[in-house]
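We call the chains A, B and C, going by the order they appear; numbering starts again at 1 in every chain.
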Amino acid sequence: MIIFLFEGREIRAREDDSIAAALLAEGIFATRTTAVGDAPRGPFCMMGACFDCLAEVDGVGGVQTCLVRVRSGMRVSAQQGARALPPGDSGAA
Amino acid sequence: MNFDLVIVGAGPAGLGAALEARARGLSVLLLDENEAPGGRVWQAQERREPHDRDDAFALETIAKFRASSAVAHLGATVWAIEDNIVFWSEAGAARSAGAMCVLLATGTTERPLPIPGWTLPGVMTVGAAQIALKTSGLVPAGATWIAGQGPLLLLYAVQALRAGGKIAGILDLSAADAPRRALVHMPGALRTPALLGRGLAWRGRIIRASVPWLHASELRALGDGALREITFRAEGRERREPADLLLLHNGVVPSVQITRALGCEHAWDAAQRCWKPVTNEWGETSLRHILVAGDGAGVGGWQAAGLSGRIAALGAAGALGRIDIAMRDAAAKPLRAMHARALAIRPFLDTLYAPRPPTLDDSTIVCRCEEVTAARIREAVDLGCLGLNQLKAFTRCGMGPCQGRMCGLAAAEVMAAARNVSVAEIEPYRLRFPTKPLTLGELASLESAAA
Amino acid sequence: MSEIFDVAVIGGGMVGGAIAYGCASRGARCVLLDGADASLRAARGNFGLVWSQGKGKEMPAYAVWTRLSLEHWPAFAEAMGSAAGQPIGYRRVGGLDFCVGEQEFAERRNELNRLHNLDGGRGPPLRLLDRREAEELLPGTPLGPTITGASLAPDDGHVNPLLLLRGLHAGFRRAGGVHRPGVEVRGIEAGDGFAIDTGGETVRARKIVVAAGVGTRRLAAMIGLDVPVRPVRGQNMVTERLPPLLPLPASALRQTEEGVVQIGVTNEEGTWEPATTVEALARMAARAVTVLPPLGRARIVRAWGALRPMTPDGYPCYAQSATHPGAFVAVCHSGVTLSAVHANVLAPMILAGSLLGDVSEMHPSRFAGENVHAA
């Protein structure tokens, strides 16, 4: 059993769940709003092709939640419009 | 790192190819963006209880692969193939490997089914629901409707019911005369009676579960910020039903992102209303060292996919001189016979579930990423846009991160109808690498690596 | 169709589109013959800069022509916005060219001094900013540690090139222009006016303008002009949408109104393939991250290559054919910047029948006798 946060709310998930699947299990269907029309969106294809399930995960925006496995203590927030870009260095390897 | 054969995709075709190639002494690298092998149809197979012989075969194949000495990189997303080098992202780092031959076994994507309101949270594809079921055991709860056509729709409904899920109703959007037209292909279907029988059994299961099955049209998804209800036309009247979840499916089409970016030749499949890479009997594309196997070369089901993977591996072994031509052909012969048999039911299925030209309201969104409606696309045609590339320039349709995966075929259908030409005449999106996003930091790291 | 048009423009990109719009909006009966969807169009690969910095160092007439276009741009942008049905995003906010390291900064200073001495202050008002001044100009823009400054051209800016193209085409149609896409020109005959063979249909016009980008050489030859144009590939890439990061455009880095950061650019000879290469993308990525380190975490969602129509000295070619009076050619690789003068100054010259002033100095005869690259 994994516990992570979505918008400050505790979500219970199974170890192998993707973030998107865990949210769906909780009845949460929307993870963001679009940049163009401010429309709510959520997982559509669950296979990394539609880019609709984006959310901010542990400070990194634009994450495809259907492709990322949940981790204990993870903080996920809904992404409003364009992602935020954390300041600081390039993060290059 | 250099390999004889780099395989992209660890589904039935990729795994079949990997095992065959290893058996012939080729060095093999297998890349898949999922964390475990299996692709879509055998997704999370190792974590699930096997129900039938097909599941057992899947587990056996995956186990054999794990035991083979093929090198596997999982969680690896390929974003470019250039000359003989394959580039991918793994754990946020850019990696590459050399390949004498590259086999693309990337399968299919779902054919778009744009309806009014399809971008509302609560509307997903049947494939998405199946992934959620296979990987996380999620079953539909609340008022769940399934709409569209195709074998996957039936299969999912059965799987969901078996897992204890509830389905409020199934809306069949196929053409009313499709079963009649499909009957002419029944002899082919009867060559694999087990497959045919299974399809009928699925139908029976759904009927016995008292799930309403309606022939419908004019489906709309409605809600403010999330799906609340659907409307449709069935049995001659308008219906309105509460809905928490709407699952759409309109068949699957070959995933051509990588073959397009490579510049391989493609041909239009008029019956399936989709593009396919042109391949010869060994899976070779118009680029000699690029091979395609499985549903990505043409939808044929998982049994055919595994066999085509093996055939392509034999072809590669022959091309690399690891097996002489006579032995290659002799080994391929029985595989081809089995492949043909596995495909025998296709004409029947393809006719039964023939994709129909969509009729889109002006206000229906076609490009989900950039929120471009059918009206805007029609306007672009009025301004002289002939194909998807001018369309992209005039409307931003296709410029989002999905690179046209979700919208390409639908946008082409809208343009073709507006121009009154066949969809084949609509120039598709010109694609370039990277075919999947990666960070500038990752890309930049390749420069210092090369320096 | 046996109509005889006043002007037939061959090529519907930035240059052809602007000339066609300029002619049609002055009352000429105009047809625009445009290529196919898959044609090699530079007009889909524009960076979107409306730029004078670094231009015309060896050809003053071009520098003056460029500055004239900048003067026309604000009113032209209005007209385009009205034609496109939405503002085309022209932002005259200044344009930067960053310096990386001390040596580049010193070299840039010398360069600007030399330019200022050459034209006695009549040229573009360029300023060299040191690091501190650049930071003051760009509060909230996290410049990389090796950025030592930047040269600033205060009248430069950027625009949404796709909306510009849309405006040109919509404005052209609104003015009564006839757009014929999917056309391939097989031959041009002079007689009473011109007859253009498009394989099936013959289009007749009193004047023609060849504005076919990388396809110019073949068509110009049909009207008795030798215009050596070769493709020079430029690769570009764009990120996902990001919050505001860079308020001013730089020469290979700009943030569009949608929030997307566009990154360029290469100059590759010898290829007709508008493809991308990993080596170039990596190099461009590294440079972008040098300028704005937080971009390291931004994702590239799309990349493409576009073929610039390049003349031997890189400057435009404009000419009226001596052997075919009434037939003109116009080609350049700065189609966005020059679209204002192409519409407002060049088009009327074409309608009046002669190219004057600075335009006449950019005649392809300047290449005669040189060893030019084959197109």
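By our rule, contacts are C-beta pairs under 8 Å (C-beta built on N, C-alpha and C of every residue); 3 or more make two chains touch, one makes a residue touch a chain.
Here the structure is a predicted model, which is why all the values come from computation and not from measurement.
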Seminar exercise, completed: Averaging each chain's Cα atoms, the one nearest the global Cα mean turns out to be B
Seminar exercise, completed: Ranking A-B and A-C by C-beta pairs in contact puts on top A-B
Exercise. How many Å are there between the centre of chain A and the centre of chain C, using C-alpha atoms for each centre?
Worked result: 41
Problem set entry | For chain A paired with chain B, centre-to-centre distance based on mean C-alpha positions, whole Å | 24
Exercise. In chain B, which residues are in touch with two or more of the other chains?
Worked result: 400-401, 439-441, 444-445
Exercise. Which residue numbers or ranges of chain C touch two or more of the other chains?
Worked result: 240, 289, 295-299
For this session: Return the residues of chain A touching two or more other chains; collapse runs of consecutive numbers into ranges.
Result: 36, 90-92
Exercise. Which bits of chain C are touching chain B when the two form their complex?
Worked result: 12, 34, 36-38, 43-44, 162, 165-166, 169-170, 173, 179, 181-182, 239-240, 263, 274-279, 281-283, 285-286, 288-289, 295-305
Exercise. Can you list the residues on chain A that touch chain C in the complex?
Worked result: 35-36, 60, 62, 81-92
For this session: Report the residues of chain A in contact with chain B in the complex, numbered from low to high.
Result: 14, 16-18, 21-22, 24-25, 29-30, 34, 36-37, 39-52, 66-67, 69, 90-93
Seminar exercise, completed: Seen from chain B, its contact residues with chain A in the complex are 33, 35, 40, 44, 47, 77, 92-94, 109-110, 119-125, 127-129, 131-132, 135-138, 225-227, 368-371, 400-402, 405-406, 439-442, 444-445
Problem set entry | chain C contact footprint on chain B (complex, rising order) | 80, 82, 85, 87, 263, 383-390, 392-394, 396, 399-401, 403, 426-427, 430, 432-434, 437-441, 443-448, 450
